[in-house]
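Going in written order, the chains are labelled A, B, C and D, and every chain counts its residues from 1.
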């Protein structure tokens, strides 16, 4: 019999992830600060909890997928927080993007509850979340991660074990740094080509014919072509993750010169009011800087 | 009957390109400043010219593939330069990487000879050059480019027409900017992950499982794994191309914040004496900056 | 009669500051984690406390001058911490460099003790500290700051009131950002001139003849001339302060593109093992990057 | 008897410099592309030449003070250019800002005329030019520079001999790099302080009380206070000079990480249409990036 799962956080990523767990036949309890977002899943059979604590009391595996450390902290340790109902028989999986050091600290703060803790952020954005094609980046006890694999595979296509607690978050920082740099690099290059008189479609043909051809370029080019940037991964979230990357790099003594530039540029986008648009709206930042 | 081709510049790229023309049955005359590099091709049946001018006198189509504007200028207008033998019945194809403004200027300087001029740099490095898998980025008269397609396809898999004279060079700047940014971004991210305790192979698995997966990453990872960087595309050449990109961006008023960072970092590599290693040796720059 | 002062932290800055308080006739109790540093002052008549708590019990005004938030936190809230002995009749002055948000948080954590809290970091390095020529950047209750002016003026030449609690720290961030940028700018320019064949003394003459002439340049040029960088302000401390600046800038939404570059460059110096040398050792970073 | 001087280029800098030569009693012939700018000086007794060539025919010492290499080239070698009338009895002084390599090339191109060539750009902006308080940065034959000192001192307060031909221009690059970095650093810091709630006047008081106090800050603060940026040194000219600095740094292998950032930021100002405002309008760039 499948374990009872509690899922907290029903945003762009969380909603389809929870839906995929439910479709796979797991008994599911959900919680979201804004209740309206829980309704579609409730109609599909999910039970709606009145508080994080109530959700935790009702679940064997508790998952959190929220926008960052503050939101996560609130869910766990705020009023009617989930941690108050955590115990040694349960598993808590944090799938939200946070820094490795935050993950380690969280592990310490959860230790008194004796809950088993796994950090498992994901690689992938809205579409892979909907299609259960995410890649799960898991850190913590390896045997426990293996036991959770069937559950993870309702949401994703693959589980990659990254190491002890915190290494899942570290891998997420790594992949988001690369993602951010590639997105910015693509926008900077395409804007440069545009000002030099090149045609977007011809540039894309050259990219797709060579060793730089990454799937994301063709996807993001659609937004650039249409001059509309519906959020698959909101710009403001990447700006936030970039800050975590820089903080982590500072602790590690890792040079991240382009990463620093990245934060600067994505924040420009947020300052212009484009934070809720897709990360590919960094193209608008480049155009804005061009003044033409 | 196939036209007589003259090929000047037999470096990492030029040598295999010329060999592929020869294999395809074109009568081939070659010239290289250092004669030794001409020998392997001479053994295969190429005729060796004593000077660029002698080569031009002997060829209907003249190709140049050298390391930059200075070398190209010397070949064309130096002592016994090729341009002295150029005439209206011939075609001159520059496949070297130069800036669009240099290409336009070159076109003007060649105008008195009445030679037909095509700018056609390539996307691809050593291996694609050897395998005749380059992508030809052609600028100039479109009908003429089409007529040259059979010749181009002895060296590459595809010809992409980019626009009038100079647009081939512009496209090359575009794709090299993207290449440079992706290479640096990959090295910066992998070094960050390394210092955070991640395993190289696990990082590669994550990259190859997601939307950032570009062929170049797996290829360049081999160098990083082996800690040896044999030049497929020498670091110093990318540093030089980055300077052309910045000069072009300045003329266009195009913001290239990450591109500027790029030049800074690749030049650090050159300053450390790694200019003749592959562009992936930017990984050594990142390690060097880390001090560990 | 002068109030009893307790001074915690006897480093490069703290030792001369405490000495100046003592010379001005204030009864002084001192505490330092490493006891040896307290001896010179003890010989001059200062009383050495066995713990921060003991110091606090013995003082009406308690001053802390340590290297950052962790050290400060330890002094106040660690074992035998000073805060345990704080009460409404006392004043606590933090003169250490910390971020404004840390200062605000600290204010909240001290609130239960009812101690009166003033944040008062300083502008100036070792020499001004010795000569009682510091500039005190005070934040908090304005009347209280005025009452403390005689005490501040034993250490400095001027008190500048910056606003409510946290604004002293904000002003310190501002001036350290400017200091860091000017120091880096000077080193980058002088290294550029050096590589271009210019003489150091001639460059200094040009600087001193124009509108860019700041006193720090002539002082720091001495280190560059002698190729030895005794710490007046250690490089690693500026790197740390630069991180606080970036964190603060992130919270404020303030663009600090050069500030980010700064952190990158100063951290390179720390990575090379020059963290205990003066901030002017950023000149060594520039030379190192040059490879010559 | 004073030698006959010809002065070409009557912009923000050239007009007051020429006026000071005239006031000192030198017979003066002037030329400017836009004739209107010559009128005020003509009223004071200057002779207006119809072309650069006519000016050269009429002068023993010819001075050029224009906005860059293109304008200078045009004056010397364009139609009715000055160089056509140059001979061994004359001296040509270039006071315009150009790169050292351009200066060296110019020297070669002038060699056939046998004219004696001195490169002598200046440190200082509009006000020092009006007050004859410029600093002359001279390169070339040292004895010749000494002979010209009386003439230089009609325009400036000091002549600094920098070395052989090209070193005057190199010193100008050096000082403009420092100027650009300090101006940007000041704007970045003040904008950061502003967003953190600090008062402009309090920030200025802190700056003026410490080792960072450079005369330019108080002058440029006036523009920031008034939110109006009348050009003492136009932003677009500094952007141009920054490009010369980067080109020179590239040739020298000199790392200029902050200099690259600088060019990026000043060009943003030009892209926004602020190129004719003062360099202190980089403050507007910072505010613009802040989005508030």
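Throughout what follows, a contact is a pair of C-beta atoms (placed from the backbone, for glycine too) under 8 Å apart; a residue touches a chain by one contact, two chains touch by 3 or more.
As the structure is a computational prediction, the values presented were derived from the model and not from experiment.
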| item | value |
| --- | --- |
| Chain whose mean Cα position lies farthest from chain C | B |
| Copies chain D and chain C - interface residue numbers shared by over half, same or different | same |
| Interchain centroid distance [CA atoms averaged], chain A/chain C, Å | 39 |
| Distance from chain D to chain A - Cα centre to Cα centre, in angstrom | 52 |
| Junction residues of chain D, two or more chains touched | 253, 255-257, 261, 264, 268, 271, 289-292 |
| Of all residues in chain A, those that touch chain D in their complex | 268, 271-273, 289-292 |
| In the complex with chain B, residue positions of chain D that touch it | 243, 246-247, 250, 253, 255-257, 260-261, 263-264, 267-268, 270-271 |
| Contact footprint of chain D on chain C as seen in their complex | 100, 123-125, 128, 135, 137, 157-158, 160-163, 167, 170-171, 173-175, 177-179, 181-182, 184-186, 188-193, 195-199, 202-203, 205-207, 209-216, 219, 245, 248-249, 252-259, 261-262, 264-265, 286, 289-292 |
